[in-house]
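Read the structure below first, then the notes.
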Amino acid sequence: MAGFLKVLFRNLLQGPSTDPFPLVPETFTPDRLRGKVVINQDLCMGCGICSYVCVAGAINIEKREDGHTITVWHNSCCRCAACRQYCPMHAISLEPNWHSAHAEADKYKVIEQKTIAYEPCSVCGKMIRPVPEATLKKLYVHNDDVDLNHVRSLCPSCRQLEDARRSAGLPPAAEKKAVE
Amino acid sequence: MAFDDLLKKNSVRSPWLFRINAGSCNGCDVELATTALIPRYDVERLGCRYCGSPRHADIVLITGPLTTRIRDQVLRVWNEIPEPKVTVAVGICPISGGVFREGYSIDGPIDKYIPVDVNVPGCPPRPQAILEAVALGLKIWKQKLGLEA
Amino acid sequence: MDTLLGILHMCIFPGGVFALVIGFLFKGLDRRVEARLQRRVGPPLVQPWLDTAKLLTKETLIPRTACRQAFLMAPVVGFAGMAVCAAFIPVPGVFDGLYNMGDLLVLFYLLPIPAIAVMMGGSASSSPFGAVGFSREMIIMLAYETPLLMILLATAMLVGKSLNGGDWGAEFSLLKIVEWQQVNGSLGFNPVMIPAFLAYLIFLPGTMGVPPFDIPEAETEIVEGPLLEYGGPLLALFHVGSALKTFVVLGLGVAMFFPGTICDFWLINLVWFVLKCLALMLISLTLVKSATGRYRIDQAFRFFVLVPTMLALCSLLLVWLI
């Protein structure tokens, strides 16, 4: 009891340690807090590993002929960051944003949605997701004679042919127009 | 009439909170205790108080994905809360089922049975987010009293 | 005319309105100071008023299986008992107390009324938690009424013996006790009465139902027990009754142990009286509340029998012997 009284007296002297948060907007947020998921649409290839590992089934990838749409529903995301861990392109990150309260009417509107448009292959005309510049630089780091802009616009099979040609010392194939 | 309005205007400054655990893993409940009990996020300064009885409650905080075993009890307790009440779904489980969605023992999400007013997703949400949800709940309470459009 | 004046005293000063204002102010201060002791900010001082306003706007639900009349009457009984009780409290230098003949005994009979009202409501609500709360309230009431009776007897006998010139006697008029103390010094400083005062300090948390003696309304064990089924305006009435009771028990303590006045002007005496009540509350309710947990009901009963009853008995024996 005496020990408690000492603590109480000390508390009284020290004054309140309450965060004035809801009355003023500033509050403490840790730098590495796992908050809302953010998708970098320049990097996302739509491989689907994120929706495969997502425990809460919050990620949906819709593939179409001319692109893909990746959607994260914050109301189902459990902030485990498995998607960030497994994303081979490092396209997913979790920003330290915890402002998640919303009215029931907005229940299905709190989403992170990115649509990535596909482009036709410059040789065969198939719709492909162009490989991001940074990734290409990493892939061809030992082949600095390659024209990255040209490679970027090729579909995987055309790129394979191209690589084979280059290995054989042949000049690059002439660019064909897309299917007439 | 003016007295009635005065009462209503002041009533939103005394929201009493009531927790319903609809099969939660206790993570959100711990977070709720955090917002209330530790000095850092003192909810009492908003006039809030955790009450033990559903009859005293104004803002209902529901955690958990609504398991089939507890569904009827949750609905019964929720119905015992006098109007006007504001329902807040805390955590992803009551909102969407979260990681338990489509499980064999899960009957959620909770808005299949209960008209939810405020959602605060997170697993668990941060204490500040819960405070924000309570503040949003107060706004909705005002609307229910007819004080705000 | 006397009846009318009595009713006025019960409704406005010191009962009714005045006691309510002071009681709610004290409740607000209590919560605020408790928060400060725990390094929190705490609610605004007007919080008890806001809570009451809120409860008045809520709908009233009555359980289907409850005994309707008893359920509805219980808060009214508790409130009315305390409003009457407050009129008997003399404010030294301001108000002499209503009907000052044997009012100590009247107070002793009136003080348990809120507890009885809570028991009545709890048992009428037909809830099992209410039943558990009822039995606990009964046990703790028996535990704290015994020392209270002994404290009152010790005070009455001390003053009575002195007024009778050393012979056997008891003075049950609170006004006479206050007047005697203004002449002969406060009883709180009288070595014979110090054990009784300590017993009164322990009686206060017991009767107000704050930790460590909030066993009948334990939120975390029996979900507020007898008050479980109450909501809306009925609960507000219980809260108002509790605020009045705060004023009554603190005022009784000040009148019995420290009724000194500092000047002849009534307003200053009134403020002085309120300040003394406040000090009593901070020491015996707020500080104890924030420093302790909750007893089990058997522990609380044993504690009340062992400590305050023995202290009060000690005072009573000393008064009897000296």
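The letters A, B and C name the chains in turn, as written, and every chain counts its residues from 1.
Methods note: a residue touches a chain if its C-beta (ideal position, glycine included) is under 8 Å from a C-beta of that chain, and two chains touch if they have at least 3 such contacts.
Since this is a predicted model, take the numbers as computed values, not measurements.
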item	value
Chain pair with the higher count of C-beta pairs in contact (B-C, A-C)	B-C
Centre-most chain [mean C-alpha coordinates]	B
Approximate Å spacing (C-alpha centroids) for the pair subunit A, subunit B	33
Centre distance in Å when subunit A and subunit C are each reduced to the mean of their C-alpha atoms	64
Centre-to-centre distance between subunit C and subunit B (centres being mean Cα positions), rounded to whole Å	35
Residues of subunit B whose C-beta touches two or more other chains	39, 42, 45-46
Shared interface positions of subunit A, touching two or more other chains	16-18
In subunit C, residues with contacts to at least two other chains	35, 38-42
Subunit A - residues contacting subunit C, complex	1, 4-5, 8, 11-12, 14-18
Subunit A to subunit B touching residues, read off their complex	16-19, 21-22, 27, 33, 55-57, 73-80, 98-104, 106-107, 110
List of subunit B residues in touch with subunit C within their complex	6-8, 10-16, 39, 42, 44-47, 50-53, 55-56, 58, 80, 82-84, 145
Subunit A contact footprint on subunit B (complex, rising order)	39-42, 45-46, 92, 95-99, 101-102, 111, 115-123, 125-126, 128-136, 140
Contacting residues of subunit C [partner subunit A, same complex]	35-42, 287, 290-292
